[in-house]
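Take a look at the structures listed below.
Two complexes come next, and they have one chain in common, chain A, joined by chain B in the first and chain C in the second.
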Partner chain A sequence: MKRLIEAIDLVKHFPVGDKKRLHAVDGLNFHIEAGETVGLVGESGCGKSTLVRLLTRTLDLTDGQVRFHGHGIGLIPARAMADHPMRREIQMVFQDPTDSLDPRYTARQTIAESARLLTDMSGSALDRAVEETATHVGLPFELLDRYPHQLSGGQKARVGIARAIVVKPRLLVLDEPTAALDVSVQAVILQLLDRLKREMGMSFLFVSHDLNVVRLLCDRVLVMYLGQIVESGPAREVFARPLHPYTRALIASLPGGLAGGQTTDADLLIGGDPQSPIDPDAHRCRLFGRCPRGVERCHTLAPPLREISRGRAAACHFVGPTEREAFVDAALAMHNIHVDPARRAALTSEFNRVAEMARLVQAARLPGDTLPAPQYRP
Partner chain B sequence: MNSLLEIHKFSLEFRTRGGTVRALENVSLELLEGGSLGLVGESGSGKSVLSFAVLGILDAAARVTGGDIRFAGQDLLADNGAAMKNIRGRELAMIFQNPRVALNPIRQVGRQIEDVLLRHTDLRGSKARERAIECLSEVRIPDPERRYSAYPFELSGGMCQRVMIAIALACQPRLLIADEPTTGLDVTTQAAIMRLIRDLGREKGMATLLITHDLGLAREFCDRIAVMHAGHVVEIGPTESLFKSSAHPYTAQLVLATPVGQEQLENLAAIPGNLPDLRRNDLPPCRFSERCEQRSEACASALPEIAIAGNHLVACHNPRMGKSA
Partner chain C sequence: MNPNPETATGIAAAFDCGEVSAREIAVAALERIAARNPELNAWTTITTERALREAEALDAARARGERSGRLAAVPYAAKNLFDIAGITTLAGARLLARNAPATADAPLVQRMRNAGGLLTGALNMDALAYGFTTENTHYGNTRNPHDSARTAGGSSGGSSAAVAAGLVPIALGSDTNGSIRVPASLCGIFGLKPTYGRLPRTGSFPFVHSLDHLGPLAASADDLALAYDVLQGPDRGDPACAQRNIEPTSESLARGLDGLRIARLAGYFDDQASAVARAASERAARALGSLGDVVLPEVAAARAAAFVITASEGGALHMAALRERPEDFEPLSRERLLAGALVPAQWVEQAQRMRSLFRRRVLEAFREIDLLIAPATPVTATLLGQDLIVINGRSLPTRPSMGLLTQPISFIGLPVAVAPTWPTEGHLPIGVQLIAPPWREDICLRAVWALQKAGITVRPVVAPTPTT
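Coming up: the complex of A and B.
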């Protein structure tokens, strides 16, 4: 697949006086492929919003590159971006549907404005495009002439999405698009996004701290902590078996767990607050001090983000592929078989299932058994 | 166990220029001493109004039109306000939704804890200060002596929330009302705050009323849950029973709309329609009936109260019996 947008050693520092610098984004490398949905998760203050502003080019970079379809766009000044032809390729859906709509514009005007400014459509072609988009996002025509205060939360969210996709961008950045919605409405909006993704073939960057939503909607997930990516990989795999202690803590913190009804695993939780992002020690792991495993090495040598198994990466000294994953990889390599990450995940989970059955069979006790059940080693 | 908070057929309305809003109607619920009850529902379902009614801090436009609220046997509504001032903050305390708004921005957080102590206890001067610092450390705020003189803007969202909790718990209340105590906080902080509330509740035998729209959160932290819809309690029961055999169609749909525990996005089901306009004069007896797929002719008559099991009650003519959500 083709890389749509790519960040190379992306850095953004903000001066905070006294010659100190706040490291909001500190050397990020990642890419989003065409048609892919990538989730970005992390606590508030970890640099998610800064990263979004760097990618949408509304903020100038300190260092590094942003490439869109192979063309460097990192050097376009943020001020010039509004008139740049790139503007229509990357669009954004904002967090609060109420705050991000102009109260004095009707839904139609809001949607039309972005098309009028960014494309050469006008007159009846523009009207047609607005109505087409409204149909696409499930907004009835009779609502188009209403003002934001006359629309419900879900309808406003649809207007916000319509405004972004009317210019047919190739990358849609969504910043917590469902955080302000009730659960009853959230489900419809998520399904709408899922449908748009399949119908329009856009790439999504989905920023959220609702892990359950990311798990359901995204193909791949990036976990950010204090300006750095600490883990990345296919969403299903990352949620099923998080590698980095921070990702584990995030997942363990979910009320009800991922499957629902489980109790929180207290051992995995992390306490305390993150380190200060102002001039952090470059030789120390950013999670040091909160991490349940921090050792001497974490203090003196910051772990880089490295590939752990195919498609999965983590920045921690203590993670490696599991024996089973290594086994699947080795078996595939031996027969020279190339599979995509999803298939590999499916193979590994099938292997896990079989291993689990074997364990159950071995641990089973029959009436009259006197010896202790043998311990199964995978 | 004894019941601590008893709300019986409580009704409340707001008289506004746009008409009378029937915000709560025949709301009944009970919270045992040391128990925890989750109050869940969409925004606008009356969760917060109910808690304001319990605390006696309702808006001037509110009129109680029926029912009563009893706290430890005492009728809170009969009171003219003087006795309530002694109960509120001491026996009944609340954690408000947004800590940054609820805290006084120009007063040191330690001082704000002391204010409560000065009003309700005999502690004065350095004794009060010591207790305030102790409160800060009880909610696991690191370096409490220093944080005592911090202003809210100097603290992170999670820290402000802890200060709110410290204020609420300063006098060791018997009932804590927590209104969305973790919205806007990160999941790691949310888990820490909720565990803190639960542990302190257990240690001190404090009852908790948790108001939330997050079913997953209520499921993990409450032993009973009441589901509210448009000013009615539509279902109330022990947590597991409510999840495993949701009897009210609204509860069942709420469970299906929550991403927790869902495998596929397609399985998520939105709840059609909106809350009815509570100013209408022709509100049906069941306020959910206009959104309900299981509506029948019986729905036009007064709401029943059917016991599904022991203390699992549902207000529906066509409850889903024995089906799981």
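Coming up: the complex of A and C.
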């Protein structure tokens, strides 16, 4: 698949006086493929919102690159973005539909205004596009001439989505798309988004602290902690077998917890405050102090995000396939066998059992073993 | 005349002297099965028409004055990994359910038929014979006739339940690591795993070629020997079959223990057994006049080697299907098979080396001894769905651990018979293994017969509580 958008060593620091800098986004590398739905999760303050503004190019980068379809867009100044042809390609759906809709515009005007600004549509073509989009998001035509205060929360959310997709962007970024909605409305909007995702073929980036949203809608997930990505991988696999201690803690805290009774005491983060994002020690793991596994090495050598298995990466010294798991992965790949991620832990445990039996056999000593053993001289 | 004699020898004798027709026996057996099978789930297919057809042919032959076979009019059934003409050989696996029906009977089924047996159907098992509990996700669990909340053992659990419930006196089973002996033990019946290579496996679905055995399960020592005698004989279809001529055992049963040197296996076989299982082997040892205890070296490693070979060979056999149709596998053993398919060759080679060394050491022990006694299972029947068993304070996973005591013996191909015993406590039986040198099934069967004669294998009558 083709990379639609790619972040390379992306950095955003904010000066906070006294020559100190807040490291909101601190060296991110990731990409989103064409047609892919990616979830970005992490607690508030982890840098999610800053990252979104960097990708939508409404905030200037401190360092690094953003590439869209292979073209660098990182140097476009944020203030020039409003008139840039790129703006149409990446659209946002904002968290709070009430805040983000102009109270003086009807739903029709809001949707049409977006299309007028970013496309060359006008007249009857524009009217048709607005109505088609309204149909697409399930907004009845009789509501199109109402003002925001005459619409319910769910209806306003539909207007916000329609405004973004009327210009047919290639990437839709959704910032906590359901957080401001009633629980009953959330489910309906999630169903709508799931349908749009299947029908429209564009790429989606869901930013959410709600892991269930990500689990339901996303192909792949990025987990952020204090300005860095600590884990990434296919959503099903990450939820079935999270690798990073922070991800494990996030998932263990959900109702139902970790699959297959994997939860141990080590999956609960130690209380206490996260490290400060202001000039953090570059040689220290960001989770150090909260992580139950922290050792000396975590204090002196920050673990890089590295590939653990195909398509999965994590930034932790303790994560990594054991030699046996790596062997099993390689053997599965060689035999071209795919294993349901939910059954992977069971396979590991069965393989460990056979390995334990093989170890017993190797350790056995039967006097009278007269089968010749090779002799080697140094 | 009672059309429900309990043993094969009794049925054959009753038919032979004209007391009862084969059809009457078949109808009675089919009625019993229809009544009990919904609860037990021992049969996966009931071959009513075939049993009646075979019975009518026997009645017709008798009317013509022809001599009847040794199993004349004896109802039996076969584990569903045996080919039975006209039905699909399932081997307990949904994976095989769409296969065409078998076009001919397996040779062992043919031999039962030639001896006058009436085939009543095919019996449930663990999928692909990988298991010791006959808990089958796709075809249902088989229940223990002594306690329907418990397993019948496995993988020949349909066979043991069918015999233990008194529905047929003989059933055919298979044993790779204990799949005849474990269910016989847990259901309180007799079973024989002959020497590796004795009975041809032609026309049966394989699990681990280098460890697979076929054999009978039966309601009495005499029936066990009779069935075994009928099943013997060479067959070119199985390359591992030793092609030996029939060596009859039934006639020698009454020789009893005459001159046999007998010992009890201690060490590993005590350590891996619960108190009930140890007591059973001690009681059998006393009854048979054991000379003492024998400790074999490295039994745990031998069992481990059997485990490695089983996993590897069993997994490799199904590699293509594991890749293409994983959803059709039994969830209880799919990952175990897949893990086995990935085992490195060096582990398997080491296990094979272990096999020849262990065989040599055990054969040395047989220079001084003719028969070894050990419990057949570490514990009595577990509850369906029970994941752990406790042996001497250690918690072990149920499904692989039920074979701890049988696996080291079949690993080196020794002939073993199981005789049931009934502990003084509780309501559940447990079997003992009677192990002989290669090709000496006759010794195993004589010992089983001696235990039966001594009354060890009979469920004790519970004395009514005296009223005061």
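Convention: the second predicted complex is superposed on the first by the 311 of 378 C-alpha atoms of A that agree within 3 Å, B and C clash if a C-alpha of one lies under 4 Å from a C-alpha of the other, contacts with A are read in each partner's own complex, and residues count from 1 in each chain.
Note that in this section a residue touches a chain if its C-beta (ideal position, glycine included) is under 8 Å from a C-beta of that chain, and two chains touch if they have at least 3 such contacts.
Quick caveat, the model's predicted, so the values are computed rather than measured.
Student: After lining up the shared chain so the two structures overlap, which partner does A:L366 touch, if you call chain B first and chain C second: first, second, both or neither?
Tutor: second
Student: Touching A:M357 in the superposition: chain B (first), chain C (second), both, neither?
Tutor: In the superposed model, A:M357 contacts chain C only, not chain B.
Student: By residue count, is chain A touched more by chain B or by chain C?
Tutor: Per-residue touch count on chain A favours B.
Student: For A:H209, decide between first (touching chain B), second (touching chain C), both and neither.
Tutor: First partner only.
Student: Scan A:E43 for contacts with chain B and chain C and give back first, second, both or neither.
Tutor: It touches chain B, and chain C stays clear.
Student: Applying the touch criterion given at the start, work out whether A:A331 contacts chain B, chain C, both or neither, answering first, second, both or neither.
Tutor: Only chain C is touched by A:A331; chain B is not.
Student: Report, in rising order, the residues of chain A that make contact with chain B in one complex and with chain C in the other.
Tutor: Residues common to the chain A contacts of chain C and of chain B do not exist here, since the sets are disjoint.
Student: Applying the document's contact rule, which stretches of chain A touch chain C when the two form their complex?
Tutor: On the chain A side, the touching residues are 327-328, 331-332, 335-340, 343, 346-347, 349-351, 353-358, 360-369, 371.
Student: Per the contact definition, I'd like the list of chain A residues that touch chain B in the complex.
Tutor: 43-45, 152, 182-188, 190-191, 194, 209-213, 215-217, 249-250, 252-261, 263-264, 266, 269-273
Student: Which residues of chain C touch chain A in the complex?
Tutor: 297-298, 300-301, 304-305, 307-308, 311-312, 319, 322-323, 326, 334-336, 338-344, 347, 350-351, 353-354, 356-358, 360-361, 400
Student: If you look only at chain B, which of its residues touch chain A in the complex?
Tutor: 42-43, 140, 142, 156-159, 186-192, 194-195, 213-217, 219-221, 243, 253-254, 257-262, 264-266, 268-271, 274
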